[in-house]
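The structure appears below as structure tokens.
Going by the order they are written in, the chains are A, B, C and D; count residues from 1 in each one.
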Amino acid sequence: MKRWMMVVMSVVLVMAVGFGLVAKPFVIAFMPGIADPFYFTMEKGAKAMAAQLGPDKVQLIVGQYPATWGPDAQVPLLDALMARGDIDLLFTAPTSTQALIPVLKKYHDRGIPIITVDTYLGDGDYTKASDYSFPLSYIGTDNKLGGEVVAAQLAVLLGGTGKVFLENTNPDTSSVMDRERGFRQGLLGFPQMELVGVEYCLDNQETAQAQVANALQLHDDLAGVFGVNVFSAQGAHAAVAAAGLSGVVKVGTWDATATLIEALKNGEVDFILAQKPGEMGSLCVQWGYEYLASGKTLSVPRKIVPGFFVFTKDNVNSPDSQQYIYSK
Amino acid sequence: MVIMSAAGEVRSRRVLARVGRSWALLALLLMLLVFSLAGKEFLSLANYSNILLASVTLFLLAAGETFVVVSGGIDLSIGFVMGLVCVTSAIVMRDLNAAGASQLICVSAGATVGLVLSLIPGAINGLLITRFRVPPFIATLGMWGIANGLAWLFSGGLPIAFLPSAVHKIGRAYVGYYSTKAGFSFAPPQLTTREDILSVVKIIPVPVLIVAICLVVLGFVLARTRFGRHTYAIGGKMDAAVRAGIDVRRHLLKVYVLSSFCAGCAGVILVFLSNAGSLTQFTSNYELLSIASVVIGGASLTGGRGSIWGTVTGVLLIGTLNNGLMMMGLQIFYRFIAIGIILIGAVLIDRSFPELLYED
Amino acid sequence: MMNPKFKNVFIRVLRRWVFIFLGLEILAFSLLGTNFLSLDTLQNILVSSTTVLLLAVGETFVIITGGIDLSVGFMVGFTGVVCAKVMVTLQAAGTTQAMAIAVGIAAALVVGLLPGFINGVLVAHLKVPPFIATFGMYGIAYGCAEIICNNVPIHDLPSAVGPIGHGFLFFWVPGKLFRTFVEPSGLSSIDLKHLVSLVPNLFLITVVFTLIFGFILARTRFGRHTYAIGGSIDAAERAGIDVKRHLVKVYMISSFFASLAGVGYVLRYITGRAPAGSAQVLDAVVAVVIGGASLYGGKGSILGTFVGAMVLATLVLGLANLALPTYYAYIAVGCILIIAVLIDQFSPELVHKED
Amino acid sequence: MEPILEVRGITKRFGGLVAVDNVDMKVYPGEVVGLLGDNGAGKSTLIKMVSGVYCADAGTIFFDGKEVKIDNPMQALKLGLETIYQDLALAENLDVYSNIFLGREKLKRFLGLVKVLDHSYMLTESRKVLNRLEIEVPSLRNRIRTLSGGQRQAVAISRAIYWDAKFLIMDEPTAALGVAEQKNVLSLVRTLSSQGVGIIIISHQILDVFSVATRLVIMRRGKKVAERITADTSPDEVVGLIVGSIPGDVPNGDGSDVKLSPVGASHAG
């Protein structure tokens, strides 16, 4: 009789614990780097994956988008998010490779697993031992590789020869500087191609437009332009189109906003290298959930590179490619 | 003898004062000369048109700001009002276009909604300043945040795309085109080779023409009308203006609405120029650049002085400096230093020349 | 009409509305937010407000004299870059960490006085309007900072920098240990979870300087003269105050505080960045105004500024705690600013009837 | 007897405008001198040079028999030369006693280390001086902004008196006041002069000046055109001199000193 009671009790207990687990989903937090279409799209991907897994399994909390790029804008918002105390896992785009190390380390030490997305800590290599190797994983684009891809794509369009110009945004931001490095690296493979100038628009589209217009003025044989992010790309294509040189001067851009997709359809932009922010967000939630569900024992790849999607006039209208357009 | 020398002194002082007043213009001409000699590509019609195109929004923002500064106030909200209007206009144009409305309706409805919307922040600023005696700096700084927040709210932070095709056609149009191959035409000639395209002489970009018309109107209003006179009177001495029977509150309200409306015009023009509705970025500092242009143009932040003509010179000075330094290959950061020095220098020069006592 | 005694109390309360507002803010976020009323959040508010608070304290002096200092925003970046550059250079030259850090900080604080001096001379002696002089300096400081750091963030600072910037005055594991300044190492993960860190170093430094300068403003002749200049520059001049000299000092105080914020930035973020702090300059002005200062000069206090900075930080972090969309923060700050000035405009002067 | 204040050939130019042109003037201890002239005659500029607000372009100032250089207001105050300005020059955002002590705050040691303002001392001292002059203000803690015109004037005067002025300059002291308040101020002026304080009074209200001043100095267009002993002249003559309908003693200001032989010394004190 007594034994029977024990059995019933333990069954009830196990079920209670089980229901408790079911009733309380894992809370995954996302802290974006800056308010821009790239991170909005990432949020969208993460939300989709969270919905797919079900609200009983994952609850996604999105932190406030910092208004400017930099640890001074991001860290207070991140701290405020983490102070909620109900977060089981954090994925974030660190806005500084060094400033965020102690900040994220603190949360890691409290038992909260960290995934860095799009940008990384230190040099991004979490496999070797270092003071920044604690994150679970880095999920993000290889910006340098992307730069090389753009260089190669431009070279194909230009037949491997001609002057090109790089419209960058802010030398202070590591990701766009990696793109610049990759682009320079990629051009080395084409000795006939020459990088005639680099300008920084500081995230102002009008400035970018003026700078590219000037570059066209300065080099009347300019053959191609690469705009490294939303603002520089939009400014670059507007300048080329305004000069009536669309199609003559090849425009390659990074980040697939609706504006740039429209320009591609109009023939004002020749190709767009899209990162896969939606996929990154989705992967973060998926891996994060599986890691938590396994009782933090699952071995997660230390680095995941979702790769790129290159929009061209030929594939821009195909149904498959629509998922890579940035949207909210 | 004594009288002669006194008259001579007055004359020379007057010349000196004139020079001092229009130093910005002289500096501009000097700068054009230096840059033209330094870089071979600077001296060309296309480059001047680039300078003008790059300054289009700043022209409008600074012209509106001129009225406010002359009245003795300051308007910090204009940059974000521009962004708000730009986003809203673009949304209206996009949605009407998607709903199948005709191009003309899309564009005119979008522009109208934007311009009407732009009156509201100015009216609120004006009411806060005139009825509730909130300092202009604070009232417009508050609006700075609110307009920015609303722009985010409306756009979701993404640039607005898929506008009617007339938008970019207008934004990139020139008044006329001439080339040896295609002759003169009002529509852009259909050319394919680079040589042909580059050989086209393009006469005055349409946005520049529109802005020029706006500037002429605004300049006329400030210099020649009673409205303008009253603006100077209020900036010169508020009490005197009140005693002279000017309805100062009403007038200041109008000034802030006008400034906001100019920002709205800039926002609508920006839609055409960029073929997108974009938010004003935090780092853009349009309001500070506008104030800088107004001051370089000879206005005083204590009010009562300034002109549209001076402001135009100020904007051109900044635009030319940016363009010229870029042509010389200097990085953008050096331009911040150059503008800072010119700004302080402007006021110092202004202070060191005597007042022009007698107007002729 | 109204009982005068009651009216006096009413005026006193109205003049201190910002304290009440801060209280309401904390209450509201505690009710709506998740775990908002916690030591972590409180200390986070204190730490994250340090940059704005430091800038605002310096700005308070300037605003009381009737001026404004826009240059402080990029002064943070400028002095931060100088500080980081000196540290990195000295470390590469093989000096000790302590030496590199000390010299770096000293260099930033000394170099930081120069723009303030120039601002002061421009404003006081050459009669350039403060808005223009300091806006010019804003551009110059930013450009110079970018040139010094060659446009990229300065990394790889001495390893002791981070622990200082992220350190606390007290560390306490309940029932186990209590330390000051040095974070206990080698704790088990359970102890780490229970570790209570009290009084962040950065906030401590900020508070010390805030108190010193609050004392100077409220209690000393220097402070009194600052108010007098803001009230009436003629009165001050004719009362024999050396107004020009005083103004130069005031602008130097402002840029000194910007340098402190720059050093604080380097310590906390272990990085020197040129654009650092540029977004905080208007926040600093907002904090000063919410704290009861008038841009026409002659009014304001450090205590008010402190509360103003807390109101801002609480608002931003409270909204972040709620994970609300970002634009609410912009709109809310704009509205609070206008409301602050409206309340101030309409609250009557306190008139004493007897001594 | 030595004059307490003497200016010789003092001149001030603003750009091309000569605001004060080669003016000589003397005031003896206990004497009240009225300085008269139309708007723009240079009265205010003259006294601003004496009180250190402006620097003279030429000329010398003697105070208490010694040549002095007064480059800034503090030096004037240190000499015992107080000025009450037409616009009162009070800091409206500060309270009554802070204004009385503005620029010369009483300090005490805080914790034996730092010098801080001694509020209680300044309060009691301010109350004393206000009582002595029988001036009433609601409270010394009120900001100037909350006071009436007459009360502000009273604060400005008590500010000057408190510092044991040897010499007092009053620029339009009665302009903003009611009738009763005007009377009080004028009797205050008499009291002070009987205590041996030299006073210059500037006013448009000629009758007021006639009732207190022993000697009158009349300026026109930056020049001193006449000097009269009050008892020997009439308001009509003075008005004539001010507006120029009666030619002055030195019509072209050529520096001749013929008719300006020292007068008033015998009348003083």
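FYI, contacts are C-beta pairs under 8 Å (C-beta built on N, C-alpha and C of every residue); 3 or more make two chains touch, one makes a residue touch a chain.
On a predicted model such as this, the values are computed, not experimentally measured, just so you know.
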Innermost chain, where centres are averages of C-alpha coordinates: C
Chain whose average C-alpha position is farthest from chain C's own: D
Between chain C and chain D, centroid-to-centroid distance (C-alpha), Å: 45
Centre distance in Å when chain A and chain D are each reduced to the mean of their C-alpha atoms: 75
Separation of chain A from chain C, taking each centre as the mean of its C-alpha atoms, in whole Å: 33
Centre-of-Cα separation between chain D and chain B, whole angstrom: 51
Numbers and ranges of chain A residues touching at least 2 other chains: 35, 65, 67-68, 200
Residue list for chain B, restricted to those that touch at least two other chains: 152, 282-283, 331
Chain B residues touching chain C - in the complex, by the definition given at the top: 74, 128, 132-135, 137-139, 141-146, 148-150, 152-153, 282-283, 288, 291-292, 295, 300-302, 331, 333-341, 343-344, 346-348, 351
Contact footprint of chain B on chain C as seen in their complex: 68, 70, 122, 126-129, 131-133, 135-140, 142-144, 146-147, 151, 274-275, 278-279, 282, 285-286, 289, 294-296, 325-335, 337-338, 341-342, 345-346
Chain C-touching residues of chain D, taken from the complex the two chains share: 51, 53, 72-78, 83, 85, 87-94, 98-99, 102-105, 107, 110, 114-117, 123, 127, 138-143, 145-146
Residue ranges of chain C touching chain D (in the complex, touch as defined): 215, 219-221, 224-225, 227-228, 230-232, 234-242, 297-299, 349, 351-355
Chain A contact footprint on chain C (complex, rising order): 33-36, 38, 40-41, 44, 47-48, 51, 151-153, 155-157, 162, 165-166, 189, 192-193, 265, 268-271, 273-280, 313, 316-321, 323-326, 329-330
